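For reference, the structure is listed below as structure tokens.
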């Protein structure tokens, strides 16, 4: 049964150092409350997987020294430009970067979702992404003739961390069309969700909400976190806070500036949550 | 003379390449192609379907981030757009890093879906506003996605054109190189030669035409309904281009 | 753009003889109106694919002589027992039967959805299903050692035929949790839907309905057909008509009885629609 | 003596095998295992999660028909149930046909997910009410799903027990055969021998116990809340067992 925890901090406590941690893209709700809680608890050696790209979530964790490795198809603050702590960490070789491409991340998670050891995928051949991935293979399509195709090993994250508009007391989490969260929950060993609210009715019993709901079966624990995606947005609830992200991008140009940012906006829990 | 900005000339040039298509998709970080796709949709009177990633108020897809890639593989996407930190003469694109990737001089966001979509979508339109020897290079430092492939590689897709702030190139697959198609207002062939780091073809038999600038009606669309729609995803771009929200 | 047709009969006209026709299971809405229209138009040589099992849809088409081949994981009338015309056709070798198993049909459609030539799948090895399928292969898992795994070629149906509670004028079709219909639409060259109603608003614009909606992009044409799943049911709208299906099961024990059934309930269009 | 019907004895026997599990799933055409799973859930005070296919009013899954199979492969399903037109002594099951599959004497619905789930789900409980030489055979005519596999075949799952209208067998993987575990009220070892077409083990050292019939409290649950819930999917079964809706 899904645990109902008191806060994002309780979730952060359950995510171990060294975990392979899958995080959603910024067009889906992101658990920034959970990310800040991980920074506060001083998480270490996390291996981040973006599904399939991310930005501010990785930035905070990398800048705070929580990260050992990143696998991603892209790391960007969007309109706020390059992710400065990510860029700095790459240049200073503080993290191991495994460049990927969006459909490869989706496909490798789908392999894990289906319990198959690998997934074939078109494209990629001739790219340096493939050339630099010694964990990927090119093999022949057994139904074709001289038809090489990339084989991607399944990725099974230890933990997925998501945010959602609502959940219910049975641990069902409504994600709407942000269906990468469904894939993440299916593919991961454990999935944690912060949510804006916990509703009184069962999300699976209402035919309107069930189609956009991850069954509690896949959800390890949930915790309420109002405005838990801020300064990123939640579709239909609140917008991305462009102004705050611009402030971040400005401050995080240097490590000192980043530290000042986290002192003010992350470490003082009351400031953000 | 048109009062169109360079971005608007690029938008119009790209929109023309989408004429007659059924479905184009726009990825992230693509305000110029996004505007072009929306303009083309307006001009098509709704015959062109435009799917835009990141537009949460009206999702084009309902099966998560993978659907774009699956949809492309099903042959349901006619055109897509890719930029590049560097683009070379064989249409290889680099979205990752400058210098040795293990010790990069500069690091960029990453390849996103390019390594896949470039090989799958029939008409991939490359765009890069900065047209200089720094961006259009003889050989990219990192191949996010290759411009050409060996004959036995499954590749229904590939480069169609390259639209920059100075000109339009078409990609000639048989020759594995770009050919100069049109010059934006104020640009000469000599300008393009000087500012382009790769070798490209110039048709010898004819003068290079000027890229047609958008007329008043098109500009009205670009600055009106197109701008309003693009603002939801790219507020900064929209503010810079079209003024405050 | 999705066509809006006048009736299920117009859909049947667009489904060509010989088509590989994918049909949903009875726990999802089935377009019985479309099936009856196919019988009325005298469709021939259809190759049916159940996703992943079916019953009454296949029964009517087989009994009426519309079917050349069936690929299915199961054909049953559920509580009404064995499907008599299917069983008779198998025994008299009137149709070619390609026995499959549910996850293989889903996986082969997912391969088509992903545009990959095949999908690996666990299980199956040692079954006569596999032994009798010369289109399936066993190959080694390239990431394993002495680890054989089944490789299934992609299945791309020519046509999928579904029923749904509602669609909108843009061709978006709300299927709720009956998500096999989404897979079918993604994997098929053409998809037709009969629907109980065509609503005035855009199903993709409402965050409550979008998560259960197939975008019109995948839908070739829709037609209104009230009670179009009868005598099967539509979740939350109407129940399976057990009494009528028992009547069918009784009548269809013989071909003559089946013919009498179709005369009364299928050929006279006003009787059923 | 209990007034339990044979079906109710089977339901109770299966329910006992689910004690302590976290998640069991029930496929289609499985009213007896479905009732057993719901009974076990009642007894677990909610600790056991039961996912039932075909229960449209409260779906267990929200990703279409494939989710059951994916969920099993993810290791999230502890037990599943399979029947068989024929079941043999190596626990092979046949859901397809009697005689030559190309010219069958009898044809049945098909294998459904058995060829997969039997190999994936750790505890697969076989059920067949008719216990006769016709159903429990030396060798099935068609292997829908094999009872045992070679050591190099990926197979985290397999047969756990076989519950019939006469007795309970457990499957002994090392010996690749069934062992008689308990006799339903009124059955003798001689009855089982006579009515079973395959060879099975009989523990020599001890008497075969009687299958414990459900007591009054269990029967109240089976005929009450369990029956009410099973009626949604299996109205005919529920009417036959528990009376009208």
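Note that the chains are named A, B, C and D in the order they appear, and that numbering of residues resets to 1 at the start of each chain.
Here is the rule we go by: a residue touches a chain if its C-beta (ideal position, glycine included) is under 8 Å from a C-beta of that chain, and two chains touch if they have at least 3 such contacts.
Note that this is a predicted model, so its numbers are computed, not measured.
Novice: Among the remaining chains, which ones contact both chain A and chain D?
Specialist: Neighbours common to chain A and chain D are C.
Novice: Would you mind pulling out the distance in Å between where the CA atoms of chain A average out and where those of chain C do?
Specialist: Here the centre of chain C sits 36 Å away from the centre of chain A.
Novice: Could you grab the centroid distance between chain B and chain D? Build each centroid from C-alpha atoms only and quote it in angstrom.
Specialist: 59
Novice: With chain centres defined as C-alpha means, what is the inter-centre distance between chain C and chain D in Å?
Specialist: Chain centroid spacing, chain C to chain D, equals 28 Å.
Novice: If I count partner chains per residue in chain C, which residues reach a count of at least 2?
Specialist: Where chain C meets two or more other chains at a single residue, that happens at 107, 110, 114-116, 121-122, 147, 149, 177, 179, 182, 210-212, 235-236.
Novice: Among the residues of chain B, which are close enough to touch at least two other chains?
Specialist: In chain B, the residues touching two or more other chains are 57, 59, 61-63, 67, 69, 73, 120.
Novice: Using the contact definition from the top, classify how the chains connect: line, ring, star, complete or other.
Specialist: other
Novice: Which chains touch which?
Specialist: So, checking each combination of chains, I get A-B, A-C, A-D, B-C, C-D as the touching pairs.
Novice: How about chain A: which of its residues touch chain B in the complex?
Specialist: 25, 27-28, 51-53, 72-76, 78-79, 82-83, 86-87, 90-91, 93, 99-104, 106-107, 110, 121-132, 146-149, 177-183, 233, 235-236, 242
Novice: Per the contact definition, I'd like the list of chain A residues that touch chain D in the complex.
Specialist: 1, 112-116, 182, 186-187, 202, 204-205, 210-215, 217-218
Novice: Mind pulling up the chain D residues that touch chain A in the complex?
Specialist: 23, 46-47, 49, 51, 57-63, 67, 69-76, 120
Novice: Which part of chain D faces chain C closely enough to touch in the complex?
Specialist: Chain D residues touching chain C: 28-29, 53-54, 56-57, 59, 61-69, 73, 95-97, 101, 103-104, 107-120, 142-146, 149-150, 152-154, 234-237.
Novice: Within the complex, which stretch of chain C touches chain A?
Specialist: 107, 110, 114-122, 137, 139, 141-144, 147, 149, 151, 153, 175-177, 179, 207-212, 235-236
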